[in-house]
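All chains are identified by letter, namely A, B and C, in their written order; residue positions are counted from 1 within each chain.
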């Protein structure tokens, strides 16, 4: 049994790549290192287990989709929807990620060092002990946390270019919360979202996440810990209930 | 109050000469129409929905029901429905939600199609004594086969993709736990297992008590991704991506929090009492190549062992969309016509958006054939299939199999009252209220549904036999065995059929 | 539908087709092997002042004379040749690609301010709508377009695009829903100096088409993409808008955003939306459009399709996927994701 397995992904299609990853996990590997990754989609799709996958390069879309357990560490940017419908485990991205990051994510954690695209954290949900967490070091684009039904999105705005999230923050949010460092204009709040100051217990709640984040990327947590944050939550659990009437 | 109340929708009356004051009607009606006071049954007809539960329970046939006992001034344009919708919206300013399928008076194409039978020139077949094959494989088929000769032996080189094998081309479509009760799902699951066919889970996840039937269940992945994790995907016999629904093309779904009880919450994996909102699109599919990506992500997650179906609502451009789906690695395309049922849909969508299944299947089949990719996908037709003749007709138009929905519910007692959204279904089907759910006995209801599938299968065999066909493949897309009766030319062109007499 | 990529060298340094072939093949997952294509600016230095009219002929004997006759009515054909192709196992050659180097006689359209362009536009519309078996699929000066049904690498090898050089390349990997197998349905779409590659579907096509046809364009390729080329031609060449303004007309801000703008911008945006309401492109799309001096990429107003860009030295890259850009140029610096509806523009200097 080997502890670390290296796979050269150069020119490899994703199906054999995932097969090789599954085989490595089955053989008991604790760590798998993928080199020369270039656009392969679905890495660790539906993968179970307690393994760390280090990805050197640019993985394609849907990294860690339906994943249940493993940790993926990406040295590069991600395309769209890393953590799509992810069940548990961790994704750490040393770079940016595209649109729909953490789409329908139901558990586990995602840390993105820099920025993400549109509709980050869309329709994240939670159930019992499963509460997904998405931490973004930089900024996010419009419709952050759209349809959000649970979990936590934390935007750290480290690059000082806040407020930068345009329209539709938490549009249709009916569960969970979005915490944003810096300022959030009311105009950019989505339908059914409301804004509050960070409460003390919420500050306590995010502190370990900030420390985890800075730990991954070798950063100083201090400036992030005591700054001003806003919390976006649902203004009602039934954001669209008042749109309808029954026929009879 | 300026508008005042609208006239009664139904009037319930009790024949007091017949009534023996047993009180069964009071017990039956969850809407509270009946009240027993002393030696008299009082009725409040206004809350009646015409579910017929009381009527079916009354031992003396003492109850009668009249629809629209009060006339409006008749007018062909300003129908009572139109007027009442206006009253409703003038009062509320809201979108009207309604139940069941399209209630607009469009002509039913099925009813203008007739099937063929043999006379003289070739013999019809007696299905009871001669072999009759209804077995159907759903999934991708190769376009051709490659063989190799190894040491004189012929060896098949081509690898077949996973297919679902059904013993009869009648399956039960997706109705989620949440929309219908667990007893209803159990009854359906037992019936399909017995009949060698399949049912859909709907988008509400898979309840533990259905695990014994999982080999006959198609698990659905809808835009809300409720209850979707790798275990769920692996349990299903196939996976279906729901893009749209015939009753409300272009819209998502919404299960209100009050229907999310403890059990529903656990299969959907969301907190009890919280709204389950399915967005209109999958937010990881904004384009056809994204669909391919979702199809492949599901295949990749399940190691390419499961067929993946894609369900779309029948809309104007269905044929081109289906062609795109056929190229996505999907194994079947499900087309849901505009008469498809639903628990609740905005009335304006239910009645005005989408196209009939007959035309959609015909154009999808023709398009796939014209592009040489018909073998890439199977076609499953749904939305308004009411009887075995509809099954035969839609297969002759090009479908491989059908999904039934409402018909299976009717087999369990549903009276098509169209008020599933109230959550008080007196037949224990579209409700989560424990006392009402208990009214549906899975032992009995599963037998009823299985009977229905058996009966239709027998009728289908007879229809095929009469047409001199003993294998369902020979009916599929065999439009020569259909004729249009008073259908207009343009529709017949789309259906690629001739008129009666020709 | 599809994967797209574009690259421009701002100093007009030429690149051959090897890089874009590799980049586009990197996005095979976005296509279905039923259409791919490339456009390259600066491809015909020897004929750079002539319109390079590319035609797919179903049959050279019957239809080519008809096209020659039509062209000769409006100018002179300086040179013509079969576009060299090299058989590939996965490409069925269903058309004969041909190119004419054509100079219109400007005197024949005295009422126009851009007579040469208008003559060529007229000829494209006329030939495509009236000569069956002939399809003009490119018509600009010094622009070559290569397209066919197949995977990007096969189409590239079919035309040997590595033999061509240019300072601006576009590439497209198609996933058709309609008209598969039809070479005319592959991108890039080209009209005069405009070439377009497009990912997505334009839900406003019916409106846009009727709008553009009222200005004399004829949509003949059964797909929503050609309308984009015509809209750019109309808004920029004929109406004289800047690229930025044209993009604002095609993918304008929402009214609630306009309401928040300073008075002057508000007035301008309001005027654009009122005037060009029928040119607004709705639905999901990411588009890269090029002409001789520039390349612009933008997405729809709510960013339903992916688009990223990166730069290295004098070169700007725009694509659906970062991996495609990095396949072409591993050392590009920061990858930028443009905001919804905001163009990324690369212009040649001087």
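Some notes on this structure:
Note that contacts are C-beta pairs under 8 Å (C-beta built on N, C-alpha and C of every residue); 3 or more make two chains touch, one makes a residue touch a chain.
Just so you know, these numbers come straight off a predicted model, no measurement behind them.
Shared contacts of chain B and chain C, meaning chains that touch the two of them, come down to A.
Two chains share more touching C-beta pairs than any other pair, namely A-B. As a whole-number value, the distance joining the C-alpha centres of chain B and chain C reads 44 Å. Inter-chain spacing, taken between the CA centroids of chain A and chain C, is 36 Å. Those residues of chain C in touch with two or more other chains are numbered 29. Multi-chain contact residues of chain A (touching two or more other chains): 41, 80. Residue positions of chain B with contacts to 2 or more other chains are 293, 296.
On the side of chain C, the complex with chain B involves touching residues 1-3, 29-32, 34, 175-178, 180-181, 199-201, 284, 304-305.
The residues of chain B lying in touch with chain C in their complex are 286-289, 292-293, 296, 317, 320-321, 323-324, 327, 371. Interface residues of chain A, counted against chain B in their complex, comprise 14-15, 18, 22, 41-42, 45-46, 48, 61-62, 65-66, 68, 80-81, 84-85, 87, 100, 103-104, 106, 119, 122-123, 125-127, 130, 146-147, 149-150, 172, 174-175, 237-238, 240-248.
Only residues 38-39, 41, 58, 60, 77, 79-80, 96, 98-99, 115, 117-118, 141-143, 166-167, 187 of chain A touch chain C when the two sit together in their complex. Here chain C touches chain A in the complex through residues 26-27, 29, 254, 256-257, 260, 302-303, 306, 308, 321-324, 326-327, 335, 337, 339-340, going by the rule given at the top.
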